[in-house]
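Here it is, the structure, as C-alpha cells.
Chains: A, B, C and D, in written order; residue numbering restarts at 1 for each.
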Amino acid sequence: MTQKLKMGMVGGGRDAFIGAVHRMAARLDGRIELVAGAFSSDASKSRASGEDLGLDPSRVYPDYETMAAAEAKLPESERIDFVSIVTPNHVHFPPAKTFLEAGFHVVCDKPMTYDLAEAKALRDLVKSTGKVFALTHNYTGYPMVKEARELVRNGDLGKILKVVAEYPQGWLIQPIDAEGQKQAAWRTDPSKTGASSCIGDIGTHAENLGRYITGLEIDELCADFTTFVPGRRLEDDGNLLLRYQGGARGVLYASQVSVGEENNLSVRVYGTKASLEWHQEHPNELTVKYPDAPRKIYRRGNGYVSDIAKRFTRLPFGHPEAFIEAFANVYLEAARAIEAVKEGKPIPADVDYPTVEDGVLGMAFIATAVASAQNGSTWTKLVS
Amino acid sequence: MTQKLKMGMVGGGRDAFIGAVHRMAARLDGRIELVAGAFSSDASKSRASGEDLGLDPSRVYPDYETMAAAEAKLPESERIDFVSIVTPNHVHFPPAKTFLEAGFHVVCDKPMTYDLAEAKALRDLVKSTGKVFALTHNYTGYPMVKEARELVRNGDLGKILKVVAEYPQGWLIQPIDAEGQKQAAWRTDPSKTGASSCIGDIGTHAENLGRYITGLEIDELCADFTTFVPGRRLEDDGNLLLRYQGGARGVLYASQVSVGEENNLSVRVYGTKASLEWHQEHPNELTVKYPDAPRKIYRRGNGYVSDIAKRFTRLPFGHPEAFIEAFANVYLEAARAIEAVKEGKPIPADVDYPTVEDGVLGMAFIATAVASAQNGSTWTKLVS
Amino acid sequence: MTQKLKMGMVGGGRDAFIGAVHRMAARLDGRIELVAGAFSSDASKSRASGEDLGLDPSRVYPDYETMAAAEAKLPESERIDFVSIVTPNHVHFPPAKTFLEAGFHVVCDKPMTYDLAEAKALRDLVKSTGKVFALTHNYTGYPMVKEARELVRNGDLGKILKVVAEYPQGWLIQPIDAEGQKQAAWRTDPSKTGASSCIGDIGTHAENLGRYITGLEIDELCADFTTFVPGRRLEDDGNLLLRYQGGARGVLYASQVSVGEENNLSVRVYGTKASLEWHQEHPNELTVKYPDAPRKIYRRGNGYVSDIAKRFTRLPFGHPEAFIEAFANVYLEAARAIEAVKEGKPIPADVDYPTVEDGVLGMAFIATAVASAQNGSTWTKLVS
Amino acid sequence: MTQKLKMGMVGGGRDAFIGAVHRMAARLDGRIELVAGAFSSDASKSRASGEDLGLDPSRVYPDYETMAAAEAKLPESERIDFVSIVTPNHVHFPPAKTFLEAGFHVVCDKPMTYDLAEAKALRDLVKSTGKVFALTHNYTGYPMVKEARELVRNGDLGKILKVVAEYPQGWLIQPIDAEGQKQAAWRTDPSKTGASSCIGDIGTHAENLGRYITGLEIDELCADFTTFVPGRRLEDDGNLLLRYQGGARGVLYASQVSVGEENNLSVRVYGTKASLEWHQEHPNELTVKYPDAPRKIYRRGNGYVSDIAKRFTRLPFGHPEAFIEAFANVYLEAARAIEAVKEGKPIPADVDYPTVEDGVLGMAFIATAVASAQNGSTWTKLVS
C-alpha cells in the first residue's frame, strides 16, 4: 500500500451536516487521513471541531488562508495532499483558488461556485495549475448509476429520446430558514447560496445525473420558479422543460416544499430500444424496460454488471451499499488521480469523478434556469 | 331490483379494443344489458359483431343514424335507455348529437369531441335536452382516486401547492400507425383524432385526474410537443408546465414513445400539510406522506376509507380490483342518473361521473396545449 | 356466437360474499346467464335474493332439491346447463351429488367437500356421470400464474427444489365468529367448515397454487396448528413443512390472525436454474430470478408471454386485471368444457380449470394436515 | 474526543470477505484505529495483508498466540484495546480465549463458536475476566430493526403471536465449495464450520433478529434439513417450525440454494394489535400494519422515530444508510463499552450490541436444529 493521502478540510465544523459526510466518505476505505482543517470562520469553533476530530492542534487553523500558507511550508511528507472544501457556496471559489495556487489538489462540494463567472475562473485556474479538482456530485458515485451510463454507452438503449429527472424534497415547507436553522438559512440566502436555492442546491444534481448517464447537453430550457413559503428570498420549487442538443427532450423538476418527500432523486432515460429507471432511495437496483421483453432488474454486486460498476462496489450482492459508499467513490477516484500526480504520472484517462468542466456546465445550467425564470419563464439557450 | 337498463352501442365492432372494455364494464354489475348496436361504419361488420354478441339481428344496425331512428320508434319498454359511443374521436359528436336529439342518454368515450367547438356545442345540447351525459374518464372511477379526492376535500393535505401527473406509454415507438395497425392509425391521423395525438389521447386523462382530485383548474400552460417517430403527423410526446388558478404549479407529461412503459399513469399532489401519490398500475393503494409522521398506505376495501371509496368497491381488501371495475364505476353512476330520470326524479346531486363540463375543460386543455406548442411553446392562457 | 350458457346457483343469497363474486365472474364475458337459483336454505330469503337479481320468480326455488327436480323437467332449451354451488363447505357435496345425478354440470366453490370421504365419493360420481365439474381455486386463473406454470413446464427453472407458499390474513383476530359475523361463524364451526378452519379455507389455496405451478405432489408433511383466539373451535393459524415426492421441500403457512394482512397469498418456487415469485395482491407481475443474470419481471398482456397466459387475458398491458378476471377464467374454461359436451364433443384436452381430482388432493392435504396437527405435529404421509 | 481505540485483528487477510467489512465498519466513525493483526494462519500472507493495510510491520504477527503475547507486553498506551476475530468458526473460541485471558476485549464474528460447549466455556470466560465481548450479529445494528424492537417494547403490537423469519440466499447452488471457492469451502466443511452450514451461517442471524426484536425465546423446534447439492457434507437448506416460550409460533427458514436470492433476510412479527415487516435489502423502511387503519411506513432519519433509532443514524432521511453503517453500529457500541471500562466505569447499562449470552442462545439454537434434523425432524426442546 502506498502511504495514506493527507487531507485538509475547509468548513465542516460542529453542526455542519455535509462535512461529516465528507469525512466518513474519505475515511471509509482507509486510503485517506484527515490531518488538518480550518473548520469554521470562527476560530474557536474551528479549534473545538479539530479537537472533536482528534487532530493535532497545530494543524487546526483559524481560517483557510492561514491554513494554506502554513501547510505549504510543511515538509512534503507532512503537509496535506489535498483540501476538501465543504463550506456554503460563496466560500467555494476563494479557498479553491487559494489552495490551488498554493499547490494543493482540491475536492469541492457542489454547486461548484457562487456564480458562473467564478466557475469559469476556477476552470482556468485548474487548467493553469494542473492540479486535480473533483466536484462531489456524489450521486454519480453509485455503481448502478455507472451501470446506467454503461448501458447507454453500449447502445443498449438506442438513441436517447427523453430524460425525466425528478428531485423532490420537503424539508423547507416551514420557514425554518427564517427561524435560523443553519442548513436552511444559508441555502436560501442569495448572498451565500447564489441566485437560486432549489435548483442550485438539488436541481443541479438532477441535471448532472442526467448528463452523466446520457452524455447529453442541454441546448435550451424553460424554467418556472416559485417561492411558496412567504418571506423566502429564493425559489423553493422549480419545474423545467429541457431541449437537449440533438433533439432529445427533458423534464426536470426539483422542490424543497414537496411535503413528505425526503431525498427522492430519480432519473428515467428513454431510448429507442430500451429505457432505464433509477431511484436514489433504492440505489442498488436499476430497472431496464424493453418494447417486448420482460423488464430487467440489474442489481449491484452481481457478476453480470459492467466492470465499472464492479470497480465501485465493496460488498457482495444483497448486502446493500448506499449514500456513504457512493460519496466515497468520488473520493476514491480523486485519490487515484492525486496519487498518480504524486508519482509524476498523468491523471489516468479513466478517472471517474465530476470535474471542473462538469462544474462549469452545472453553473451554466443554474444561470440559464434563473435567467429563464426571471424573464417570464421563456425558452432560453444555455449560457456559456 | 329495477329492470336492467338497455344499452345500445355505437362502434366497438370486431378488432376494436375499447368497445369490449365498455361492454365488460357495463355488464359487470348485472344492471345493464346490451340490446342494440351500430358496431361499425361497415354494415356487414356491424352485423357480424352483433352476431358475436348474441344480439337480436333486428337490433343490429348498419349505421348510427338508422339505429337512433329505429330505436326511437320502439315501445319505451323495448327501446334502449342510452347509447354508449366508443368510436374514434371524430365520430363522437355526430352520434352524441343524434342520440341526444332522439331522446336518449349518452355515455361517451374520451376525449369528448374532435375539437373544442364541438365540445361547446355538445354542452349546449346536453343542457337543452336534459339528458344524462357521462364521459368515460375511467381513471377517476378507481376507489383510491376517490379516496384521494376526499383527502383533499377534507383538508388533510392543506393548501395544494403542486401537482405532478405523468402518463408514459411506449406502444407507438415503432411506426405501426403507418403500417396500418388500426388503434395506432386513427390515433395519429389528424382527421380522426383531432389536433393532438399523445396529449389528446392520454394527456387529457392526466389532466382530468389531477383536476378530479384537487379541483384545481389550469390558468396557463407551456407545452413542448415532439414527434419522435419519422413520418408521424402528430406529436407522440408532450411535456407541459402548468400554472393553476390560485397559484399552484404543475408538471404534466405524456408519451407514446417511452419504450417499455405500459400504461403508467400516476399522480402526485403536494399540499402544505401532506402529499399523496397514486399509480394506476397499482390502483389499490394510495400513499400519503407527512412532514414528520410515518407515511400511510391507504388500501382499498378497508373500514377506514371514506364512504365514497367504499361505495365504489365490490371486493374485500386484498382481493384486488382493477381497470374493469373502475370503468364499471362510471357506468354504475351513469346508470344511477339514468334510472333517476326514468323515474321522473332529478339526477342525484352526488352522482360521480365525468360530465360534459369536464369534457369541455378537457378539450380546452388540449386546444391550449396545441396552441402553446404551435406558438413556440409559449405560455398560453387556457382557452375557453 | 353460441347461445349463452344458463347457470343456476345454490347459495349466494343476500349478505353472502362469494356468491356475488361468482356472479360477477360468470357475467363478465357475456357467455353465461344466471337464470335460476336456490339462494338460501331460508325460502323467503331465497325469494328475495332472486328478486334482487331480477330473476323470473318461477325459477327461484326454496331449496336445491326442488330446484334440481324442477329444472330437470324443463325443456332442454330452457333449463339450466350447470349449477354453481357457493354454499358453506358442508353443503357442497349434497347439492353437487343431486345436480350431477339430475344431469347437470357443476361449478363448486372450494374446499371441495366437508371431508375427504365425500371428496372421493364426488370423484366417483363425476366419473360415472361424465359431467363437467370445475372447482373454483380461482387463484390459478391469474394469467401470470399460468405463465409461472409454463416456465416450470418449459424447464426454465430446472429441477424444482423448494416451494414457499404463504397465505396470511388478519380478519379473524377478533372473535367476530363468536359475535355472529356470518362469514366468520361458519368458517370456524366444525359442523359446517370441516375439521380445519384456516388450512381448509385458505391453506388449501396455497397448496393448490404450488401444485398447479410445479406439478409436485406432497409426500409427507408436518403441521403445527394453533388457535390463538380464545373460544374458537378450530385453528386460526397453521404452519407446515412439506416434503414433496421426488425430494423437493416446502414451507406453507396460512393465518387468519396475522393482523393487518389482507389476502396476502404468495408463492416462491426455487429451481436449480431459476426461481420465480408471485404475489396475489400484485397479480400482473411475475418475478424470475437467475443465478447470474438480471432479474426479469414478466408482465401480463405483453407479446412475450406464453400463449396460455395470453389466452386468459382481456386487457392490454398496463391496464391491470385482477381478482374478478382470474375468477372469470375458471368460469370461461368450465363454459368451454360444458359447451363441448353440449355439442356432443369430448371435453377439450387443454381445458384449464381445477378438477375433481384437484379437489380430492386438496381434501387429502387438509385431512393430512389435521392428522399431523392432532398427532403432536408429527410427520404424516399424505392420506389418500 | 478521547483517543481512538486501538484494534487488532485475527483473520481477515487477503481474499477474505468479512475482514474487510469489519475494517470498514470499525473505520467509519473515526473512533477506532487498526494497529495490529494476525491476518492469516500463513505467516507470509499475514505479513502481506498487514502491508496492504499500511500497518507497522512490527505489529503484524505470524499467529494470534504470538500477537496476544507481544501486544500484552507493550505499554498500555501503545497496545491494542481489543481484538476483532474474523476467522472461520473453528478459530473463534481459541483466539477469544487467548485474548480474553491476556486482558483484551473481544469483538467476534458469528456464529460465536464451533459448538455449544465452546459457547458456554466462552461465556464463563467473559464473566470471569470481566472483559467486553461483542458478537457481530450485524443485522440488529440497523436503526429500523431497533425501531421495530421499540415498537414491540412499547406494546404497539400487543402480545406477539407469530414470527416469520426468512433468509434465502442462492450463492451455493453450484458446488463451488468442492471447486475450492474459499468462502464456500470452509462454510460447508464440518471441521471448520461446525455441525450445520446453512442454519449455522445464516439461519442463526434470522433467529437472532427475531429474538432481538421480540425478546421471545424458543421453547422447541422442528427442523427439516436438506443437502441439495450432491457431495456437499452439510445442509444447504433448512426449514423450521418454532414454538416460543409463552405460546407464540414461528416459521424460520434459510437457504443457500435459493437461486437468484441474494441476501434476502426478512422478518415479520405479528401481534394482537399490529404487525411489522422489515427487509434487509431495503433496510431504511419498516412497515407496520394495523387491523383497521392505514399501514404506516416508518423511515430512518425522521424526527418521529424512537431515540434509539436516532442514536444509530448518521445521515438525514432519504440519504440511505445500509450494511456498513449497521455493522459499524455494533462497533460503536462495543467501543462505548470498552471506553467505559478503560475509564474505570462499568459497562453502560444501555449498550446495545449482541453479547456472549446471545451467542450461547444462538449456538443452542443451532445445536437444537441439528439435533431435530438428525432425529427425523422431530420436535426438540431447546438444548441449554
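Simple rule for what comes next: a contact is a pair of C-beta atoms (placed from the backbone, for glycine too) under 8 Å apart; a residue touches a chain by one contact, two chains touch by 3 or more.
Just so you know, these numbers come straight off a predicted model, no measurement behind them.
Asker: Ignoring subunit B, which chains remain connected to each other?
Answerer: The remaining chains, counted without subunit B, form one piece that is still joined by touching.
Asker: Can you work out the whole-Å distance between the CA centroids of subunit A and subunit C?
Answerer: Their C-alpha centroids are separated by 55 Å.
Asker: Per the centroid of Cα atoms for each chain, what is the distance between subunit B and subunit C, given in Å?
Answerer: 35
Asker: I'd like the Å distance between the centres of subunit A and subunit B, where a centre is the mean of that chain's Cα atoms.
Answerer: Their C-alpha centroids are separated by 44 Å.
Asker: Identify all positions of subunit C at which a residue touches two or more other chains, and write them in rising order.
Answerer: In subunit C, 261, 288, 295, 299 touch at least two other chains.
Asker: Once you draw an edge for every pair of touching chains, what topology comes out, line, ring, star, complete or other?
Answerer: Topology of touching chains reads as complete, every chain touching all others.
Asker: Which of the residues in subunit D end up touching subunit A in this complex?
Answerer: Within the complex, subunit D touches subunit A at residues 1, 3-4, 17, 20-21, 23-24, 27-30, 34, 51-54, 169, 261-264, 280-284, 299, 301, 314-325.
Asker: Along subunit B, where are the residues that touch subunit D in the complex?
Answerer: Subunit B reaches subunit D through residues 288, 292-299, 302-304.
Asker: How about subunit C: which of its residues touch subunit D in the complex?
Answerer: It comes out as residues 161-162, 164, 166, 168, 170, 173-174, 222, 224, 226, 228, 237, 239-241, 243, 247, 249-251, 253, 255, 257-261, 268, 270-275, 288-291, 295, 376-379.
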